[in-house]
């Protein structure tokens, strides 16, 4: 179990912020999506290529805890790992951190593997192989994201 | 326990949709925010008035289950109720439904009452009084949103 | 020439605002799109129905002048009229106003009539008939939007 | 007149796309804002630093021509130059291009220099010095953006 973490960097823009100078709560999910796209690319299977094979990953559940605000121009580190790699489901554990390590957000996003016509299907074997290095055991299934 | 539900209607725009003709997963949280704003107004205490009293409600946790896609031009019903009304915390139970009653999303959003300088503070008494009619008992604390 | 104006009301949400408490400049175009959708519906030809007839209206040009900021919770009036109704083009003149009549934004959006496969096509005759009451003569072609 | 161009790269995300697989027209302005932020940083005066000096640059006018659609996962090149550097105004000429050089969008964004309290003020001298290398003469004032 190699337990690798994928890391993606993001600079906060005005478009993402709202009153009070912090990222609008819904925009964090845009950031997580961008990081997931780069994660699949880094794993060797860009989402666009998978889409060409009639395979997409709609989100079926999200949980997020907002720990401290991220502000305009902050340079954020987005960390992704795989919490579950099942027959038709895929669950990401996500953390967003400031440069100094302060935790901004921790989240899980659960996805189902589906056709473009929105029918569930099995995760492709080559994808499972590509993602396996990023899998981690959930020691404590009750915690939202494991400590990393 | 009167257990009232606040209802808000929303027409899906192009801006909210992404590829595959469904609302982008993060945009649902924009819709919930708009509904919360109308909820506070209907309860007699618009958020802008509370803000003028140095009282805001940043989100500290969200959970959402996406049950079926909402598409361009769908007319959605957003339902809000109060799941918890504590000393400094406020939790909403949310459902989004199609006109025919089909469930699109169920979610909870947990908020802390804070000053504009982001210090936690007690929920104002008049707000608690105004929101109480929308409170429901959580019979089963483990379920994300109670059946309504 | 009847020169009717279509009016749509919009309440500003947190999601639309950025630092400094005003609508983020790009979000105004989301509002204009929502208003256009309601305009087509009011004219008797919802965009979804036209889409079912392989007819869409991608934007090919926009111009906007931002005159005064709109802030959280403001109730805005969005006004639309048709500036040009040509063989394959359609141009909207848009204004956004505060309740007290103060001008927030004036804009034009120019659209081409196209198939879903993105080929230009003629505007449907029934649509031209439906939109004609909202047409206005451009007295001064050089001005961005005529006074209304 | 050195006529330098600032270039910024952007990968298109799902969040930016709408039905028909192309960037939603309003989202292009988010991309331009992100590029402007990086431009100021590259010029040595990050917007956050200028904001700390009570200096911001609200948009007062935009014009954009959408030439060809950008799609999910496209890697876009955003080009910025200064079209006008006046006493209190600043105008950017912008182009977005595909990897193969195909033009996606050309735009101008005009900004006023203002205090945080939204009062117009002169552009700081050090900023003018820093931006001057990116200035270009407008040979043909009638064209929206000059050929580059």
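Just so it is clear, A, B, C and D label the chains in written order, and each chain counts residues from 1 on its own.
Everything below uses one rule, namely that contacts are C-beta pairs under 8 Å (C-beta built on N, C-alpha and C of every residue); 3 or more make two chains touch, one makes a residue touch a chain.
Small disclaimer: the values here were computed from a predicted structure and weren't measured.
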Contact-richer chain pair [A-C vs B-C]: B-C
Chain separated most widely from chain C, comparing mean CA positions: A
Chain A and chain C, separation of their C-alpha mean positions in angstrom: 36
Whole-Å gap separating chain B and chain C, where each centre is the average of the chain's CA atoms: 30
Residues of chain C engaged with two or more neighbouring chains: 14-15, 26, 30, 33, 72
For the chain C and chain A complex, residues of the former touching the latter: 14-15, 17-19, 21, 24, 26, 72
Chain B contact footprint on chain A (complex, rising order): 20, 22, 25-30, 33, 56, 58-66, 69, 116, 118
Of chain A, residues touching chain D in the complex: 11, 13-15, 30, 33-34, 37-38, 46-48, 72-73
